[in-house]
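For reference, the structure I am asking about is given below.
Chains here go by letter, A, B, C and D, matching the order in which they are written, and residues are numbered from 1 within each.
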Amino acid sequence: MTRPKPNAREDYRVFRTMTTRWSDNDIYGHMNNVVHYLLFDTAIDRLLVDKGILSRAVRDTIFVVAETGCAYFAEMAYPDEVTAGVRVADLGSSSVRYEIGLFRNDENTASAQGHFVHVHVDAVSRRPMPLKPEHREVLEALRVHSV
Amino acid sequence: MTRPKPNAREDYRVFRTMTTRWSDNDIYGHMNNVVHYLLFDTAIDRLLVDKGILSRAVRDTIFVVAETGCAYFAEMAYPDEVTAGVRVADLGSSSVRYEIGLFRNDENTASAQGHFVHVHVDAVSRRPMPLKPEHREVLEALRVHSV
Amino acid sequence: MTRPKPNAREDYRVFRTMTTRWSDNDIYGHMNNVVHYLLFDTAIDRLLVDKGILSRAVRDTIFVVAETGCAYFAEMAYPDEVTAGVRVADLGSSSVRYEIGLFRNDENTASAQGHFVHVHVDAVSRRPMPLKPEHREVLEALRVHSV
Amino acid sequence: MTRPKPNAREDYRVFRTMTTRWSDNDIYGHMNNVVHYLLFDTAIDRLLVDKGILSRAVRDTIFVVAETGCAYFAEMAYPDEVTAGVRVADLGSSSVRYEIGLFRNDENTASAQGHFVHVHVDAVSRRPMPLKPEHREVLEALRVHSV
């Protein structure tokens, strides 16, 4: 079972800081492994709204989650503040793979990092729909090409 | 069924601002009624730690929750930021009643307000224990006497 | 600070059993005080859907939560199963006050009990709307008149 | 971006059925992608406790989560019941890789499936510790060798 190496902040393109909650800590006194995904969700949504890709109004197409994953390197715990760094790693015709690093307080090495694959679908039929060219352009600008 | 009137920020003594999460919104697109309690919990804990009443280390006595309640006046929703105002409303020999107002972004009228009753107990036997005099003094300073 | 006495199962009219989750336990190894409200929500919704008062389809009117509260008597913890007993305590022209008891595994004395006030509103304007006569009839049948 | 194929119930070794909660549904009316991990957590813990590998008492060694992941094939939603199937896919000297399938109500094709890597560590130093031989034996019996 090989493990990825933790990334640094400079490996990501956009950032968002979030507060943690008392209930995020589990019986071991650290942030439960599920909370990381709550933060991924929030960071990605925030990015999409801020960049004009996602609107909160009713809409014809939505993004559904096809795959997620997370590797945990170091414990975080409430009351830490957590900054998520996000980048685009892959752009398909109707899908996007985001990669996210979670940084504890002012640390520069990710405590956890993961991925999040969105598929752009018709809101009713749930059939994949091509990404709009203007959205693809925005996402392309957030792309980091792996070495 | 009579309803309390929403308080203003000036009705509270200490404040803490928290971020909301994507998953806080339910199917109606607003913050689910349960999330308010996650924020109460966090605001009270933060107050107790900042004031030196609660330590995160293992300890002989803990606070258990005896009663909570919330009245909802106006909808909040992710990505709102929420500021909790807290005051002490009642101080028993081993219990404290906190009152909390939740303020949406920069608003001055509470979107929701509630209470939270803590009982100071022995960590093992769960028997009530008198509040320590130095803690009582701190809590007394946060007290607001109702008119 | 007076406290209510814990109710028995016979004090409620309808019941629903729910499983707990690992993450429901907090750092003290018991079910966090917020989880009780997740169970209230679920029990009430289930009742309304089963009784034909609430449909999952898009609709003209919805129920919004005006007030909730809970008194905690005894600790519960994952992996307990929790049975919620529900009754109607008050029926206004457009509002309903439910009372809920939470019973741990096979116990007959409530570990916690609370209330939940729903207001029937127009889905768009959020203005209160009278309860429909056929729904009022169903809710009346779940009513328990306090002694 | 290749995708795994959904498994069937027969691909797993042990099963646990869980109820969903009202708040599990997000604004799209389906179970939010994070809830799957709450169910993974619970299913794995339940397995470990039932098999005598994990005790709820204070202990010298604990399991920490090193990696998780999930592929989503079909939507689930409250009030669905979800059955988790679990198998052991890999056994290292101090780590275990579990694979989990989530089955909606009586369906035989997984709506989602994922993995969960546990590392056995010293509770204080968080250093990896070899799995105990009697625990390894239990886990070996749950192992499914990939074709």
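Keep this in mind: a residue touches a chain if its C-beta (ideal position, glycine included) is under 8 Å from a C-beta of that chain, and two chains touch if they have at least 3 such contacts.
Bear in mind that the values here come from a model prediction, so they are computed numbers and not experimental data.
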Equivalent interface to B-D, taken from A-C, A-D or C-D so that over half of the residue contact pairs match: A-C
Furthest chain, CA centroid comparison against chain B: D
Between the pairs B-C and A-B, the one where more C-beta pairs touch: B-C
Intercentroid distance (Cα basis), chain B paired with chain A, Å: 31
Averaged-CA centre spacing for the pair chain C and chain A, given as whole angstrom: 35
Inter-chain centre distance, chain B versus chain C - centres from mean C-alpha coordinates, in Å: 22
For chain B, residues that touch 2 or more chains besides their own: 22-23, 29, 32, 34, 38, 41
For the chain A and chain D complex, residues of the former touching the latter: 1, 3, 28, 32-34, 37-38, 41, 62, 64-72, 75, 90, 92, 95, 97, 117, 126
In the complex, chain C residues that touch chain A: 22-23, 25-27, 29, 32, 34
Touching residues on chain B, where the partner in the complex is chain A: 17-19, 21-23, 29, 38-39, 41-42, 45-46, 49, 56, 78-79
